[in-house]
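Presented below are the structures under discussion, each in the form of structure tokens.
Heads up, the next two complexes both have chain A, just with different partners, chain B and then chain C.
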Partner chain A sequence: MRAYTPKDDVQKKPYYTDRYWVAPQVAKSDVSEDAVFAADLEAIKAKFDVLDAYIQVGQMVVVINAVDNFGVIELMKNELSYNQLSEMSAIDWLATEGKFEIFYQMLSMSKRKRIRVKCKIGEKESIQSVEKLFRSADWSEREMYDMFGVVVNNHPFMKRILMPDDWEGFPLRKTYPLQGDEFAQWYEVDKIFGKEAREIIGPENRDPARVDRYDTERFARLGHEVPRGADISQGEPDTPLVYQEEGGVFLIEKFDAEKSVVISDRDR
Partner chain B sequence: MQQANRLRPFFENITFDRDDNELILNFGPQHPSAHGQLRLMLHLQQEQITKAHPDIGYLHRGMEKMAENMIYNEFMPTTDRMDYIASSSNNYGFALAVEKLIGLEVPRRAKVIRMMLLETNRLMSHLFWLATTALDIGAMTVFLFAFREREYLMDLIEDYCGARLTHAAVRIGGVPLDLPDNFIADLRKFLDKLPENIKDYEDLLDSNRIWLMRMENVGVISKEMALSWGCSGVMLRASGVEWDIRKEEPYELYDEVEFNVPVSDKGDNYARYKLYMAEMRESAKILDQVLDMYEGTGPELMAHAPQYISAPKIDIMTQNYSLMQHFVLVTQGMRPPVGEVYIATESPKGELGYYINSQGGAYPYRLKLRAPSFWHTGILTDLLPGHYIPDVVSIIGTTNIVFGEVDR
Partner chain C sequence: MAQHQVNYLKDGGLPVALTTIDKVVNWGRSNSIWALTYGLACCGIEMMASGASRYDFDRFGTIFRASPRQAELMVVAGTLTKKHAEFIRRLYDQMTEPKWVISMGSCANTGGMFNTYATVQGVDRVIPVDLYLPGCAPRPETLQYGVLLLQQKIRKESASRAQKPKRLM
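Up next, the complex of A and B:
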């Protein structure tokens, strides 16, 4: 029987996991341990619902409702002096929870602190753009849409950024295979030669590790050389191997140990 | 008969037929001064740019996707291909993020060697920046000079790890190799000469009329704009924000070395050029101090954490359990604890951040690469309008974008 592979997460999985293995956790500490973070959290809590907050690896993580994302980041920018949005993107939890997690990585240069604001939205839901607050969100939100298909409301130019405009599928979703899907393997063929050339050209090979042992056009066969393009699917002729040119190798003969100069140290 | 789904010949570079005299110029993606696969759609009135649309993605390899399908150690050489001008700094950022996730302390000698790698990479990157930007502006001599010095640094790196461009010279938990013989002496020889070399470049450029005309008051980025666009590194410091992660959130041994953070409030191309030159001097200063630190360190190069890091070779060869662990770590990979981490380091281009979400598996659940050049390209949208076509080249030059990093 073929092994069952889940369709909702096709990323690579370890082939063996100890049945009794329990994954350790990265330590989470309470926000009250850091005075600056505690004050920031109080300010956020005063106006918005905070679902969870803790400190992990020196940074505070604040989990909020997705509807509050603009408000919280506006508050952090204007009142808590978090003056840079260094990064934002999504995490795909569709397989387990049916949700995307969106995180905003904020930096305060005056406090030397970093906060990660996180919220979750459903697959069909969209989120408010924070581009009005930070121009850097312009491109990050486009990238998030491009990679995950998370639609951002009120964005000035909601278009794909890394993938071609007419691409189908969202590459960073867990359901999207690493080698690309069927659309991906015909994309360039269709684009360049037209759909009618599909039969002649065939699908694009998107597996960089693929080796075809009968392909004598693109693969060298060390020690079993045959003429290029020879058909060897029905067996192959023996290749006589010669290791030395007649009368020695020309290039080596020309070198003379006494006449050549060995540079041991270069002048830097 | 033209078919809708085929590429067909057309005048793709220029569109003329507009009533309002607007001309749309397609700059790239194969323009030699675009420093990679950057395509810019420029709307022009005469020679002045009214609108700019940077178009990226021509070098997109899906590294974040690849990371989700690779064990942590496997991903290390892939990080080389981000900022391929200074690949050790990418390796280092990733290694540091995973170390923070696991909670590893790296041996001191490894730290010293990493510092050397990071700063030589910074020098390499800045020299490369100077060379290519000067070449774009037409200063061929500076290009040749700077490439000569960069070559010596590449030789040094080659002595260390065998590679010149894609180093993979850092491991999670330390470094793979000790310094080769003569490395310190050679680096010292290089550092002795570097101030002279930098002075040469400055003599050629600082008072050069053409250089000044192309650089001064061109591409002015205000402080607000730089912060809003998520700029970092020199792009931010040239706009009057004193923020260097090495200083503010010190990692490795940066809190033990003395160096200054050059800042300018001009925000133009020339300010950025001056900062790059000043940073090279600071890097040389750091390297000078780090070379002295090497002497007093113990021989360990990798952290001791048998659950995550393979034991030293001698243990693997003599002890059965170490060999078994090594086998598991190589074939299945380490499994960091469940949690997430965002670690930013000051790469030569700016803030290089790695966000890792681990679910306790051998593969990261999500890995986000925060590459500084991504936003330094984005800022062109707001920066270019108002400038003239020749300014585009010098502005792209001083943003110091590398497309391996923009597209990832």
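Up next, the complex of A and C:
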């Protein structure tokens, strides 16, 4: 079995870094290049602070303060005819900035334009719900809470949407290990049988490449075959085979090597 | 004198078959394995195909039931998530004895490719399994063969005694 390596600092220690790799940047252009976006941006700027604005891949990106999110989206819905919130979620930048980025992807059917509104909040901060404006934000905000732990104020039904209600931790945070923390790994055992059953059931086998030492005899790995009869115990005591049925399976008992005559000389 | 006199002592004359209780009961049990509909993921599609006309489980007496009270076989077909684990256990407990479980496909056997926080790594962590079917997803022939193997297993068991307790892996 492979040695266990802690995976709670995955973001700090990437698996492989190319020295000459440069992160690709999507080209940004100025908002003034597009008349429709420029007018929209002016309307937003008249009422709210805009930290940054640019056009990327034909869509305008507007960065605002997190406190203004409800006001900006209300303005865009009612006055700028951005009548669809097609997507919203959060991005975990806790490792680099200590903040979550929350984005709202808006679509205007009449203008045939898309705007992405972004804002950033700290780990312990909460954000205003836009569910009153767009019903689609209902489940998106619940998912955002479920996966990132971003608390949304004034949401009608703020609870987890995908994970169980009694789940601990927020799985899409980058600090969350892919194969689960201790709570996740024992979740079903603790819930169904209780913590005292942990010893009976045992830990999960999380290593898909695990090779039992007896597998060299039963299923040989290519390149690791041993001659028949070679000692593969490596000093460990032999693990007896066990079956689900108490007392063993009849046929296997019948052909037990110890109770039957084994002809070792094949040419006899 | 009757024209059609039956010679009871001649071969085939006696309308009686002699056998043991075990064999009769297991003959009935093994040919009427009613399975619980338990499609959890894509293996469920193969399970449905096994029940449909081309592969036709009905001819083995395997009929899918939507209630655990009427089922004795649970075909766990698909990925078992940790959120769902308590419900599979509850449904298993609601099934009447004797009962059997087939774990169908890689996900139900070991968690399969879902080596993640949200997937139970093998359904045998929660309920005891009689038969593991490999494949991703197993073809309907595999499930058919599995059910026939289970029939053989049932016929070998003793019918009069309560089922032996099975060990959780």
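Note that in this section the second predicted complex is superposed on the first by the 183 of 268 C-alpha atoms of A that agree within 3 Å, B and C clash if a C-alpha of one lies under 4 Å from a C-alpha of the other, contacts with A are read in each partner's own complex, and residues count from 1 in each chain.
In this text, a residue touches a chain if its C-beta (ideal position, glycine included) is under 8 Å from a C-beta of that chain, and two chains touch if they have at least 3 such contacts.
Just so you know, these numbers come straight off a predicted model, no measurement behind them.
Novice: Once the structures are superposed on A, label A:K111 by its partner contacts, choosing first (chain B), second (chain C), both or neither.
Specialist: Touch status of A:K111: no partner.
Novice: Touch test for A:I192: chain B only (first), chain C only (second), both, or neither?
Specialist: In the superposition, A:I192 contacts both chain B and chain C.
Novice: Looking at the overlay, what does A:A184 touch: chain B (first), chain C (second), both, or neither?
Specialist: second
Novice: Counting only touches as set out at the top, which of chain B and chain C does A:P171 meet: first, second, both, neither?
Specialist: both
Novice: Scan A:K132 for contacts with chain B and chain C and give back first, second, both or neither.
Specialist: In the superposition, A:K132 contacts neither chain B nor chain C.
Novice: Of the two partners chain B and chain C, which one touches more residues belonging to chain A?
Specialist: The larger set of chain A residues in touch belongs to B.
Novice: Of the partners chain B and chain C, which touch A:I201 in the superposed model: first, second, both, neither?
Specialist: second
Novice: Which partner does A:M163 reach: the first (chain B), the second (chain C), both, or neither?
Specialist: both
Novice: Overlap of the chain B and chain C footprints on chain A, residue-wise?
Specialist: Common interface on chain A, chain B vs chain C: 162-164, 171, 176, 178, 191-192.
Novice: Touching chain B in the complex: which residues of chain A?
Specialist: Against chain B, chain A makes touches at 11-16, 23-28, 56-57, 59, 61, 83-87, 89, 91-92, 103, 105, 109, 112, 114, 116, 134-136, 138-139, 147, 160-164, 171-172, 176, 178, 190-195, 266, 268.
Novice: If we count contacts the way the header does, which residues on chain A are in touch with chain C in the complex?
Specialist: 162-164, 171, 176-181, 184-185, 187-189, 191-192, 200-201, 204-206, 208, 242, 244-247, 250
Novice: Note which residues of chain B are touching chain A in the complex, please.
Specialist: 3, 5-7, 56-57, 60, 62, 64-66, 68-70, 100-101, 103, 152, 155, 186, 189-190, 193, 225, 227-230, 232, 241, 243, 248-249, 332-333, 335-344, 351, 353, 355, 357-363, 365-366, 368, 370, 374-375, 378-379, 381-382, 407
Novice: Can you list the chain C residues touching chain A in their complex?
Specialist: My answer: residues 82-83, 85-86, 89, 110-111, 115-118, 120-122, 125-126, 128-130, 156, 164-169.
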